[in-house]
Every structure is written in C-alpha cells, then in structure tokens.
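Both complexes shown next keep chain A, but they swap its partner, so chain B is in the first and chain C is in the second.
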Partner chain A sequence: MLAEQAIIRFENVTKQYDEDPPVLDDVSFEIERGKFYTLLGPSGCGKTTILRLIAGLTEPTKGNIYFNGKLVNHVPANERQVNTVFQDYALFPHLDVYENVAFGLRVKKMKKADIDAKVKEALRFVNLEGYESRKIQEMSGGQKQRVAIARAIVNEPEVLLLDEPLSALDLKLRTEMQYELRELQRRLGITFIFVTHDQEEALAMSDEIFVLNKGKIQQRGTPTDIYDEPINRFVADFIGESNIIPGKMIKDFLVEFNGKVFECVDQGFHPNEPVEIVIRPEDLEITEPDKGKLRVRVDSQLFRGVHYEICCYDEDGNEWLVHSTKKAAVGEEIGLHFDPEAIHVMRLGETEEEFDKRLESYREVSHAK
Partner chain B sequence: MQNRTRNIYLIPYALWIVLFVVAPILLILYYSFFDIDGHFGLVNYEKFFTPVYFKMALSSFWYAFLITAICLVISYPTAYLLTKTKHKQLWLLLIILPTWINLLLKAYAFLGIFGTYGFANAVLGLFGIGPKQILFTDFSFLFVSVYIFIPFMILPIFNALEELNPSLTDASRDLGASPWTTFRRVIFPLTIDGVKSGCQAVFIPALSLFMLTRLIAGNRVITLGTAIEEHFLVTQDWGMGSTVAVFLILIMALIMIVTGIRR
Partner chain C sequence: MKKKIGANIYLIAVFIILYAPIFYLMIYSFNSGGAMHDFKGFTLEWYKEVFHDTRLIVIVLNTLVIALLSSAIATIFGVLGALAIANARSRRTKNMLLTLNNVLIVSPDVIIGASFLILYTLIGIKLGFTSVLISHIAFSIPIVVLMVLPKLQEMSPTLIDAARDLGATRRDVLTRVVLPFISPGILAGFFMALTYSLDDFAVTFFVTGNGFSTLSVEIYSRARQGISLSINALSTLIFLFTIILVIGYYFINRKSVRPNGVGMRQ
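Showing the complex of A and B:
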C-alpha cells in the first residue's frame, strides 16, 4: 500500500446535536503532513467542532475520520497521536509548570530521568527555562500560553491542534506569538491545525486556510488565493475589507457595474450573466474627480494609523471604502481609479468545486496563448 | 463618621454572637470546673481521662467516621452523576428536600419502617427471610444517620464539581489519560475542597449525635453526645456534662483547623 500523504482525512462528516441544525454539515477534506493549516470562520461556524473531532473529544454523527489511513471514529482521545492547545489553556491549577508539562509523560509511565530531560527540553523550546516550580496562577497570559504549548509538544504528537490560542492575549503579544508559532511549526516539522476567527492571524501564519461558515467549508486555499480570489460574498467580506457591488458580465474581460463598462481579467461566464464585483479598499486610488473611473463623494474619514479609511458614496448610492495614505476632505467629490486586475468577479451561488474548475479552465487558456 | 454607622449595623450580630455563642461557651467552661457536689477543681477533667469516657470518645469517633465514610462513598458518585444530568436543579432540590423536614419526624418515620411489623420486614418476608431485628442495631443507626447527613455531603461536592472547568478533563484525556486516571489526577484533586467541607459538615455533627442513639440505636450506641445528655438530664451532673462538652468543642475546633486548610 502506498504511504498516504494525508495524515487526516474527513469523509462526509456531519455533527449534529439533537434536532438542532448540524454544527458540521457533510464536510470532506484532507490534511497533509507538516503544514500549517488554519480553520477560519465566525463563532458557531463549526471550526472548534472539527478540532474536537480530530482530538477525539467528540464523535461524528455521520461520516468517517481517518488518521494515517486508519478509521478513528471511535478511538478515544487518550489513544490518539494528537495534542491540543486549548482556548483557555486548560492548565491544571493544582500542578506547577513542571508537573503540567510532565502530565502526558507521567500518564505514559515514562522513566523519571526521561521525563525530566523531555520536560526541560520542551520548556527550553518555548523559552520558559527556570520556571519549572512556578505555580500556574503566577504566570502571565503569554507565559501560560507557552506552558500549554510545551505541555502539548512534549508528547511529540503528529498533529498539534490549537483552538484560538491567541484570542486572550493583547495585540502586541498576539503579533509576537504569531511569529513564534509559525517558527515553532517550522522547527518541529509537524502538522499544525490552528483555529481562529481573526482573518489577519490566518493570513499571516497559514500554508493553507479553510474558510468555514454555517458548518460548511466555503473555500480552501493559500492565503493569497483566498484573499485575491474569494469565491463568494461571505469569504470576500470575512477576509479583509471589501467593496462588493452587483454587476453584469458583458463578455470575457468586460464587466459592467455602476452603469459603466470596465475592463477586467475574469472570464468563463455566460454573456450578460449577473455577477458580484469585489474591489479591495487598498486597490482604489484617489485622483481628481474627472480623472478617475468612478466619481464619489466623501462621506466620512477615519485615521487608522497606517492609512486613512475613507467612506464614500457614488451617485447610485453604493458605498465605497477606500484605504489611502492620502487624506481626503469630507463632503468633497473625488475620483477613484483602479486597475483591471483589481476587479474580482464572483459568480452567484458558485460551489467551491465549480469555482476551482473555472479557474483551472482559464489558466489553461492563458497558457495556450 | 462612616465607620461609626457601619459599626451600628454590626451591633445586632455582635449581640447575638456574644449572647448565644460566647456566653454559653464561657458558661460551659465555668461549669466544667465544678464537681457534682459543687466543689471547684479539676476532678471532672481527671474523670474524663478514665477508660469509661475514653471508650465513649472512641466510639463517638468510630461511628462519626463510619457515617462520614459511607456518606462520602455514596455522595461523590451521586454528585458526579448529578452534574451530568439534564435537570440538575430539580434533582438537587429533591435531594435537599428531606433536610427541610424535622429530624425527629424522620427518626419516628424510621421507627415505623424498621419496626418488627414495618415495611422493611414486610419486604424481607417476601424473600422468605423472617422478621428480623432491624431497629436498635448498629445497622439501623448507621443507615438512618447516613440518610440524614447525605445531602450535606452531596451539596459541597456537587458545587465543587460544577465549578470544575470541563476543558481540564478534556485536556487530561487529550494528554493520554484514561477516564480513571483523569479522575485520580485531575477531577478528584481539584474537588478535594468540596470533599473536605462535606466531611466537615457530616463528621462534626455526627460526633455529637444523641437523639438517634436512643430512638434508633436503643442506647446501644453511646457517644459523647449521649453522655452530655445523660449528665444534664438524668444524673444532673452538670459539671461532668460541661467537661465532656468542652472536649467536644475542642475536638470540633481541631477538625475544622485540620480539614479547613485551603490552598
């Protein structure tokens, strides 16, 4: 038998409690070895449920879960080669840092000397040398986070699950930990599955992102894929800020919205098919009112530090969000310029499969050219 | 000014404590120094260290220990199951309900149930086991005592289990611990405070049980509580009764200090 590349495989997995609508609805995916995955979605989208299913803390209602090619639906959590960093860290308050990290090894009845060496190494890995005898209550949020990571990786799992581990930290520490986690994953070389509702975190750290909503995977792909080519309104809205406007695809490379026809780079639609247009706020450039492709009036402006967030309205009443380093005057008319590449056209109600097929087809066309 | 008004609010409480807690204890202490003929001295204290009272103290401890142990063994799993049920508040209410009924009434009810022609013997009869002497035995004494004290054990353990963060048991399972190991290494150590206060709430009153010893155990079980009652009401030796009470108070204080230490 071929060695399976996928370490975890979900096959039509559904999870449902009582008569409520399913938390996870017929989800299938594969997780490859040694990559950093992120499950991204709003609360209640089913991302934590996926994590608990992988950890073995809950069982699927329907469908199968494979680990290294073996069916693990009914394998209890304590018999899985997976460890979790919990959202609230779940550190044992009655044990000190050393004993928390040693917990998994003690349960496995490892020799004292081996435990000692491994715990020390794990604590060194997360920069917590010398904290062995500290009480958990005496540790700061960031330190607890590191203890939780050390406690998980000391068991040498094949997959590390992280359930929103950064959500309780302040902004600066969170950014720092993002770098550290990414670095940690590279050094360990194991699979990380990271759950978050923070799109910036997901974009910054992942090899691969699964965007989830209402118990279904909306889109999967690399951070740039998902940011540049969102499949639908939900993804476009959830990942970064977007201007989403209804439009019509006249023919390949020509799209109409706001009563005007614009050049674009999308194709593979029916003639005159109604579509939705996405333009990212940072792709809009402020110019003189007559020089831009669109003419809008500035409604309000916020200073965000890196840029100004300017909210404008066009004559049709569509809202346009602009990110610009240049300041605009509220109440004034301005022009907005954008490149054809800045326009992303979304087909209404397209599934992930159809979307991938369409992208594939026009990649072939552009290769043929 | 503010401090003074706050002190005024404390007056009723302070009065209560002084009149009904401090003063009686001082009185008991005072009486304990007088022997049956009204002579001042340490005679009563010497008497307490004779084998008779030593045996009584030991038997008090032994029964209180048995009652506490049985209560704990029954209550922990019950409290644990209770936290897992759907309508926990309802079940909890049903468990607490009997404590609202007067102790004496419950004791009399058991006289009926355990009597020669009572319900218990009727059930035994169905299995062909002829009428047995159930009342006035160690068994009936322990059974009724445990029945009376169980809610006081379940409640604190239930609260401790409810406070336990469920992600800690998830974490333990995640780290490879079986359900039993999880209980031994995580759940029990983290609910030990509940167990301690439960034991306190059962052991201390069980030490001085006296009414049940007469009604249910037919005076076969003699505890320090029975001794105090006897001295005050039967032999009229208030001094000796007080001395026993002083020791009982000391023992209770000691137990509270030992079991009350918290992290």
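Showing the complex of A and C:
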C-alpha cells in the first residue's frame, strides 16, 4: 500500500517573493517512489525553487506540500528525509573528502565505527576510494560532484535532489556522468529529482519529465510522450528542434496548412478550428520537387556531425528545418515528404488537463474500434 | 632585469630607513657608556637592571594580562558583531552598522581616550585596571569585526543550506560550519587586537590611574624623566617579543589555511 502512495505531493503551491510576480504559480504534482524525475525549463523558471521547497530550505507562500502523506510545510530542512546535491556542490572547504561525506552522520551523532563503514561504502559507490584525505580544493569538477553525491546518499535519503549537477562539466565527462547517475539511481532504488535546462540530458535520463516555464508546469510525461506530443509551442520549441506552422483542423484526421490539406492522426477538435502544427526536422524526407508534399528552396545548411541541418523556405515564406544524412545543394528546389504520423496538431491555449483528457478520449475510441 | 635590481635597492633602502632607529636603539642597549652616543664597550648591565626592576616586571605583567584579556573578550564580541552585521536583513542596517564600526577605527585615539575618561568620571568608574581593560576591549572590537567580516562574506550561503540539508541544527551550523570557516579571520582578529592593545599608548594614557600602568605609558614617563639605557634594553626585549608574535602568527595562519586531517587516514 505504501509503495502506491506518492512520496511527495505538491498541492496548489505558490511561491512569491515580496511583490514580485510569483516564482511558482499554483503548482500541483505528485512524485512516485523509486523513479527518476527531471525538472526541465529555461533559466529562472523556478526549478531550484521547487527543490528548495522539497528540501525545506524555503516555505511555500500558499498551498501544501506532503511528504509520505504528511503535511511538511513548516518542517525544517534538517528534519526531512531528503538530501540535495547543490548547483555549486556546496562542499565544505575546511573539511577533507572524508569529513565532508561524514558530516550528515556526525550531526546525527552516529557511532564512529558506523560512520567509518558508511562513509567508505558511499565513497566506493561513487568510485572515490582512496581520496579520503584529499582536500576539496584538490579535487576536479567531476570528482567534487561525486563527493557531493556521496555526501548526500550516505544519509540514505528517500529522495535525492540534484540541482543541475552536470552543468559545470565538459561534454565528455557530462555524458559519462549521465550514465553513472542513471545507473546509481537504479542501484539505490530511491527517487531522484534532477534539475536541468538541457533537453537532451532530460530526454536521455528520465522516467518522467516536468517541463516548466514561468513558474508553471507546462507538461509532464515520459520523454517520448513529451517529444512526440508536445502540448504547446513552448514545449515543442524547448524540447528538440521543431517546425511550428499555423494551420486549420478541417475535421478529424484532416488538417490544412500551407494552403493544402493533409492527412493526420489527430482528432477531437472542432471543425475548422485554428491550430498549430509541429513536424520534427528528422521526420522530413528530401525527395524530387514534384514528388514531395511540400515544395521548398534550400537556403542554407550546416554539417552537424551525424546529420545535415538544412534550412529551407516555402513559397509562403515559412521556414522549414530538415535533418538529413544526405547533403542538399543551396539554392536548389526540393520536395519534402512526410508521413501522416509525423504531423502533430496542437490546440491553441490548451491546458495540460484538457490535453490529457482529449488524448485519453480518442485513445478509448481507437481501442473500441 | 635592471629594473628589478633598482626596485630591490629601493626596497632595501626603505627598510633600512624604517628599521635604523630601532637597531640604533638596540645597539646602544649594550653600551657600557651609559649614553646614546660613544659606544664604550659591551655590557648586559641594562638588561640586569630591567630584570631587577620589580615595578617594571609588574607593569609588563599588567600589560600582558590586559592585552590577552581584552583581545579575548573583544574577539568574542567582535565575532558576534560580525555575525549580526552579516545576517542583517536590510542592506541599510548592514551599511549603517558597518559605517559605525569603521568610524571607531579611524577616529583618533586621543578622542577615544578623552571620551572614555569623561564617561568614566561621569558614571564613577575608578581609573585603573578596570577602566583600561574596558577601553581596550572597546577599541579592539571594531578591529575584530573588520577582520572577521570579509571571511563571513566570502562564505557561500549555500554552505549553510547544505549543512541544514544534511541534518544540522542551527547550533551545528554555527559550530561545525560557520566558525571553522571563519576561524582564520577570528585568529587574525585576535592577534590584531593583541598587538593594538600591547602598543596602545594614547587611550591608556587617558584612562589609567591609581598607580596602574602599562608598558607604553611607563616607558613614556621614564623617557621624560631622563635617559636611562634600561629603556633601550626594555625596548629591545619588547621588539624581540613582537617579532616572535609575528612569526608565531605567520605559522598559525599557514596551518589554518591547510584544513585538518591531512594524511591522517588512508
């Protein structure tokens, strides 16, 4: 029964400093046990604020926060079963690696022998055996980050909060640490809440992503849900590259844009409702000009390693971004082909609940068939 | 290269000029001639005189007691003050407190001494040990605040968050994070207060009385009575003591930069 219960629940939480507009605006969500969550959003959208609210380092202005079903609004940080890996690591410079990791156990007045065993185990966990007596200043960025993780997990928290722990690392180390973190979460089996503003990182690591903007959760779901079915322009734009075009939903399964009518797989709209269309650049296929569904002219292209990023314009002046492994010639006229499944239709100003309801309703319909 | 040599020569010249009077004084403390000219021969006569002068030894002890006590007490108050300033909610209060603190440091000793004298006579504190101690504590506190505050400001506030997050109570945060972090500043403040107290003349001169005296006041009054080379001997001893203090401070400081536990565990 306990395993079913959400470990953390936010109920209409608002956080406001002074008279400024709220940093978090009426946010509600549930965090389940043992999953890897990611809070994703641009700088200043309130990611750190959510972590601080969970950790107990700040209190909500309005709303309630529950931990294991108990209201914890006014429970101070030191009495919560949560530990944090801070954005700047916040390691204690006057203590060595061993003492940094032992800090949480020492303040809990644990026996020396137990502390020693636990600290050693935590350091082994993060591959830092033998670094016990190193000074913090003598550690590299990646090592510091691992000390910070060891310092947090040694307390056996039920939830580990990680605030952009990889942002200071170079690309290679960062990818390596992404694997390590994901692996660590599986081994520990505890809930991780990971903050990042890097969408690729979020897509690669998470069970569940919360996309935030301006103090509101825009969309939540698995990485594929969010990538394939973004709820609005912000999410579509923020997660990966996309072509977003205004259009009109003629009726179920038929959408009009660029002056043409296309087949699609979306439904549940009013007839002739104005909508926005998303087509991912990798879903566009280059063909002969008259064989494609669209006719565009290549404006520029960039080599991106795995693919070419080709920028084209159609006759109406809409920009089309194409990812292709084949090179195109700048100035050339080409055709673009795409499948009906590649089209994703977004209703303007739809909230998350409405979006989920609509999706749910037509999933049921297609099941019934 | 040439430029460097020039700079070195300049530096050496400056130091010679600064230290020459002291060395002149030190050399004549060994003069059997009894005056500050005509070096007649080497003697330790004046040192003997210093060590046989019980009044002088009592005064030296007084000075040390005042210095140690006042700087220790001032360190406690100064650290508390610095914590209060660093944690002040509004920027304005912070700046105001800091300005008040700095005014005390830059205002002339004479004015501080005179105002203490007026204060003591007004509220009826007898001039002597207590009055000198209180004055020394008072002028040392701002110095300690000034030495501790930068360390507090250097400390990232997320360190405190991290400690709280790891289960530390407010008290743990103070004793296990804040105080160890600022300890170099506290130590520096203590030593600064110690040296200020040891060589203070002006303030002490105003507020001392009842036969209580400190070294600087005593040397002043003896030097006025006439030249005795025992003053030179005493000054030499004080100078050596100061050097030892400075060297000690240097070593303690160097140690505190290296965090504890180096090489203790494998």
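The rule is simple: the second predicted complex is superposed on the first by the 365 of 369 C-alpha atoms of A that agree within 3 Å, B and C clash if a C-alpha of one lies under 4 Å from a C-alpha of the other, contacts with A are read in each partner's own complex, and residues count from 1 in each chain.
As a convention for this text, a residue touches a chain if its C-beta (ideal position, glycine included) is under 8 Å from a C-beta of that chain, and two chains touch if they have at least 3 such contacts.
Being a predicted model, the structure only gives us computed values, none of them experimental.
Using the overlay on chain A, decide if chain B and chain C clash or can fit next to each other.
Clash - chain B and chain C, as placed by superposing on chain A, overlap.
Using the superposition described at the top, determine whether chain B or chain C touches more residues of chain A.
C
Taking the superposition as given, does A:N83 touch the first partner, chain B, the second, chain C, both, or neither?
Touch partners of A:N83: chain B and chain C.
With both complexes superposed on chain A, which partner does A:E132 reach: first (chain B), second (chain C), both or neither?
Once the two structures are laid over each other on A, A:E132 reaches chain C alone.
Based on the superposed arrangement, let me know which partner A:H270 touches: chain B (first), chain C (second), both, or neither?
In the superposition, A:H270 contacts neither chain B nor chain C.
In the overlay, answer first, second, both or neither for which of chain B and chain C A:R151 touches.
So A:R151 meets both chain B and chain C here.
Between chain B (first) and chain C (second), which, if any, makes contact with A:D96: first, second, both or neither?
second
Check chain A for residues that touch chain B in one structure and chain C in the other, and list them.
Chain A residues touching both partners: 55-57, 76-79, 82-84, 86-88, 90-94, 103-104, 107-108, 151-152, 155.
Of all residues in chain A, which touch chain C in the complex?
Contact set of chain A toward chain C: 52, 55-57, 76-79, 82-84, 86-88, 90-96, 98-99, 103-104, 106-108, 132-133, 135-136, 151-152, 155.
How about chain C: which of its residues touch chain A in the complex?
Touching chain A: residues 156, 158-159, 161-169, 172, 176-177, 180-181, 183, 258-266 of chain C.
Contact residues on chain A for chain B in the complex?
Contacts found on chain A: 55-57, 76-79, 82-84, 86-88, 90-94, 103-104, 107-108, 151-152, 155.
Once bound in the complex, which stretches of chain B touch chain A?
165, 167-168, 170-178, 181, 185-186, 189-190, 263
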